[in-house]
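Take a look at the structures listed below.
Same chain, two partners: subunit A is paired with subunit B first, then with subunit C.
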Partner chain A sequence: MPFAFVDTLTENFDEFLRGFGITVQLVVVSFVIAMAVGTLIAAFRVAPNPWLQRIGGLYVECFRNIPLLVLIFISYPGLRRAGVDISAFVAGVASLGLYTAAYVAEALRSGVFSVSKGQIEASLSLGFTYPETMRRIILPQAFRTVISPLGSLIIAMIKNSAILGGSILALDDLLKTGRVIASRTFDVIPAFVWAAAGYLILTGLATLAIRMLETRYAVKR
Partner chain B sequence: MTSFAAFGWLTEGNNLRFILEGFLINLQIAVVAIVLALIAGLGLALLRLSRNRVVSVVTGIWVDVFRNLPLLLLILFLFLWIPTSARDTWEDVMPSWMPEAWQSGLMLAGLSGLVLYNSAVLAEIMRAGIQSLPRGQSEAAQALGLNYRQAMRHVILPQGLRRMVPATVSQLITLTKDTTLVSIIAIVEVMRRARTVTATSGNPFTGGGTEAPILEVFLFVGLLFIIFNYALSRLSRRLEIREKERSGSKPDIEVRGLEEQVA
Partner chain C sequence: MKTTRWLAVLALVLGLVLAGCGDDEEPSGGGGEATSTPAADVEKFDAGTPLGDIQEKGEIVIGVKYDVPPFGFNNPKSGKVEGFDVDLGQAVADKLGVKPKFIEAISDNRIPFLQDGTADLILSTMTINEERVGQIEFSDPYYIAKGRILVKKDNSDITGVDSLAGKNVCTALGSTYEATLKEQAPDAKLKLVDSYSECLESLQNGSVDAISTDDVILTGMIIQDDSLKLVGDELSQEPYGAGIKKGNTELQEFVNGVFDEYKQDGRYDKTYEKWVGQYTDTEAEPPDMTVDEAVELVKQNATG
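Take a look at the complex of A and B:
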């Protein structure tokens, strides 16, 4: 029995590795999208213009409360049927990226609010413009408080990336690979255990990395 | 490209009702799953805090493994792994007045997956809630002569669990979204019903003769979730504020929940 476990891994190692690689790709690309869009939305939410604030708020409420699977159906079969030629990969990372961007925006916003108001006032009175104040004074300080929520988001993203492979997008990620191997070899338990191990490696590494960043940037008092 | 105003399919046949009833199934699944997950989660949290080292470590590993795995992986695994006999038993046991989706043996896999994952997440929230209590509480209980059990029941849990109410409501939001995942193992809820409505041959169940545009149908389904979860999040916020007021202005030692984690 224990040998059967090892055999499942060794015999399908290349396939597992490929799936692992695709999951990593999905997470990295989606994270870049989530950070870019999330930062923009967070900037909207703390901007002085009330209309920008409202747009930011609307974005957050919509993308945070909608199931990722619904986003996938909107962005892949939905858009394709409507005549937009979008690939499964793009639809997948766009869905996961835009979905997570709402959470990123919230994390960044609360980070910005954690910097005291006096900092902004001091900076403005020193003659910095609003964008300068943000970039040079507020954001560097906010970054510290934002590390751990962003870290949890990366972990959530790793887990959510499985939805891309499991859904109609059928991207060949780690979960899909495990599923395919399970149904081909009938070794359901080993196939899923190894896929699970792959996810645990990723979430474990992410946890470690975040912990290191947290200690490194911790405020020394 | 179809116009975004093309929501005419909603009024065709029974489409609207068909989809709303599907959404109701998702809500039912979410409520049942959160209740079971709360019970299992409390058990896990207590085992995790057990003074027996082995029990605590083993539970810790269990919790960390299951909350770090993709929920969909758990659901798909259970779907393949749970034997047909167990599904049949489920189908026999479910009374016939239950909604159709609940009578399906597949629900066993879907529900177990949701409970397995969420009980681990909630156990962690509860543990944080219990441990966020000042040490003095358990010391005072001990000094008053309460044993471990009594201290837990009368002093620690009532306070600790109160603090996790807002976090639990946010978890319920995530759970509501996650119920759509059971459509992947062919449980018929809102996602499956939405796909039926968009089927090219028209919807045989509702008499909507024409296919509905996929984009609009899923935008509508998304809107249902957004409205429901937005209301829930407002409720969660309000509970949080009330809890803060109730406990005086005790600052931020409270459980910030894994609210950000949930994504």
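Take a look at the complex of A and C:
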């Protein structure tokens, strides 16, 4: 029985590797989108202009309160029917990236609010502009306090990537590969255990990276 | 004041919920249509045997498709699942003198459902093949579908299985077409989804170029959307069998008996006309074939 387990991996290794590669691509591109858009939206939410705050708030409420699967249906079959020639991969990473960005924005915003208002006032009175204050004084401190919550969001995002392959996008990601192998070989449990191992590699690496960042930037207490 | 308003809302919601329940229960009395057989026919099986256990429970759990007209689909008008497979399931339940409980079984989970006991019987457009015969028992084939290709009417590139190279082709994950297409159209890009309704959506929105699966399923799609057409020759023969848990030969023989009777007493012809014949202008051809012969027939698919 243990050998049969290993056989499932060795006999389908190329396929598993391909699925793993697609999941890595999905995760990396979604991560970049989530961080870039998330930071921008967080900046909107803490900006002094009430209209920017409202736009930021609207973004967060929209993307955080709609299920990821619904976003996928809007972004792929919906946009395609509207005549937009979007590919399954782009629709997938856009959905996952923009969805996660809403959570990232909220985490960053809470980080910014953890820096006392006095520092902003002090910085402005010293002649820094508002964007400079944000970039040089507030955000570096904010990022430090949100490393740990951001880590949880990234791990959640890696796991949410499995929804992309299972949906109408029909991407051949790691979970989908596991399902295809399970349905072909009927070795259902080994196929999914190896898929789980693939996700553990990714979440494990993410966890390690977050630990390193935490030890490096931690506030000495 | 505030409390009374809340109570009013609560009462309204409860009223709606109860009204909803009432609607559900009403048609169930007249369900099953003319296929019901008098209870007097029912043979009692000993407790402890597979059939006796089902009779003791009073219901047989049957996995069917919910989105594959005309075999198993949720009819929005009646709110019930209907179709060719459902009628056959009803016949098996009637013969046992129990109620059928239909649950949704997609291509990917129907065999696990039998293995873990979630379903007693699977009637979900399942082709009999060698790999599956190793996993579960099959009834004798009750229908033989043919593999075809469906494209949009304005598509002139794809004329058959030979012109699928480089094209996106949709089929269901866990279906026999995964292997058939890899064999006959190795350069086609397969898009595997959970259900044929997702394939239809993908073809309509242009993210795939073609769907390949059983002719009857594709015909069901054309009935829904007449901007689609079938192209090319048959790429495979797909004898459908009812799936039963491995080793449960008692239920297997029982189901075979029900199907034989169904074919002989004219009910098969009526069901065929109701679900397939009236749309395709074809006569019922009930298959007369054993499971082994069906396996041989499917083996020829790979060679084309």
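One rule holds in what follows: the second predicted complex is superposed on the first by the 220 of 221 C-alpha atoms of A that agree within 3 Å, B and C clash if a C-alpha of one lies under 4 Å from a C-alpha of the other, contacts with A are read in each partner's own complex, and residues count from 1 in each chain.
In this text, contacts are C-beta pairs under 8 Å (C-beta built on N, C-alpha and C of every residue); 3 or more make two chains touch, one makes a residue touch a chain.
Being a predicted model, the structure only gives us computed values, none of them experimental.
Enquirer: With everything superposed onto subunit A, say whether subunit B and subunit C fit together or clash.
Expert: Overlaying the two complexes on subunit A (C-alpha atoms) leaves subunit C and subunit B clashing.
Enquirer: Does subunit B (first) or subunit C (second) touch A:V70, or do both, or does neither?
Expert: First partner only.
Enquirer: Which partner does A:R184 contact after superposing on A: first (subunit B), second (subunit C), both, neither?
Expert: Only subunit C; A:R184 stays clear of subunit B.
Enquirer: Would you sort A:A170 into first (subunit B), second (subunit C), both or neither based on which partner it touches?
Expert: second
Enquirer: So in the superposed three-chain picture, is A:S123 touching just subunit B, just subunit C, both, or none of them (first/second/both/neither)?
Expert: After superposing on A, A:S123 lies clear of both subunit B and subunit C.
Enquirer: Give the label of whichever partner, subunit B or subunit C, reaches more residues of subunit A.
Expert: B
Enquirer: Between subunit B and subunit C, whom does A:Y99 touch in the aligned arrangement: first, second, both, or neither?
Expert: first
Enquirer: A:A88 contacts which: subunit B (first), subunit C (second), both, neither?
Expert: second
Enquirer: Let me test your reading of the model: by the given contact rule, A:N12 touches which partner, first (subunit B), second (subunit C), both or neither?
Expert: neither
Enquirer: Quick one: from 5-13, 77-85, 185-193 or 221-229, give me the piece of subunit B that collides with subunit C in the overlay.
Expert: With the two structures superposed, the offending stretch of subunit B is 77-85.
Enquirer: Across the two complexes, find the residues of subunit A that touch subunit B and also touch subunit C.
Expert: 77, 81, 166, 179, 183, 188
Enquirer: Show which residues of subunit A lie in contact with subunit B when the two form their complex.
Expert: Contacts found on subunit A: 61-62, 64-71, 73-74, 77-79, 81-84, 99-100, 103, 106-107, 149, 152-153, 155-163, 166-167, 175, 178-179, 182-183, 188-189, 192, 195-196, 199-200, 203-204.
Enquirer: Which subunit B residues qualify as touching subunit A in the complex?
Expert: Residues of subunit B touching subunit A: 1-2, 65, 68-73, 76-77, 80-81, 173, 176-178, 180-181, 183-184, 191, 194, 213-215, 218-219, 221-222, 225-226, 228-230, 233, 258, 260-263.
Enquirer: In the complex of these two chains, what residues of subunit A are touching subunit C?
Expert: By the definition above, subunit A touches subunit C via 76-77, 80-81, 85, 88, 166, 168, 170, 172, 176, 179-180, 183-184, 186, 188.
Enquirer: Which positions of subunit C touch subunit A when the two form their complex?
Expert: 107-108, 111-112, 131, 134-135, 170, 173-174, 178-179, 191-194, 198, 201-202, 204-207
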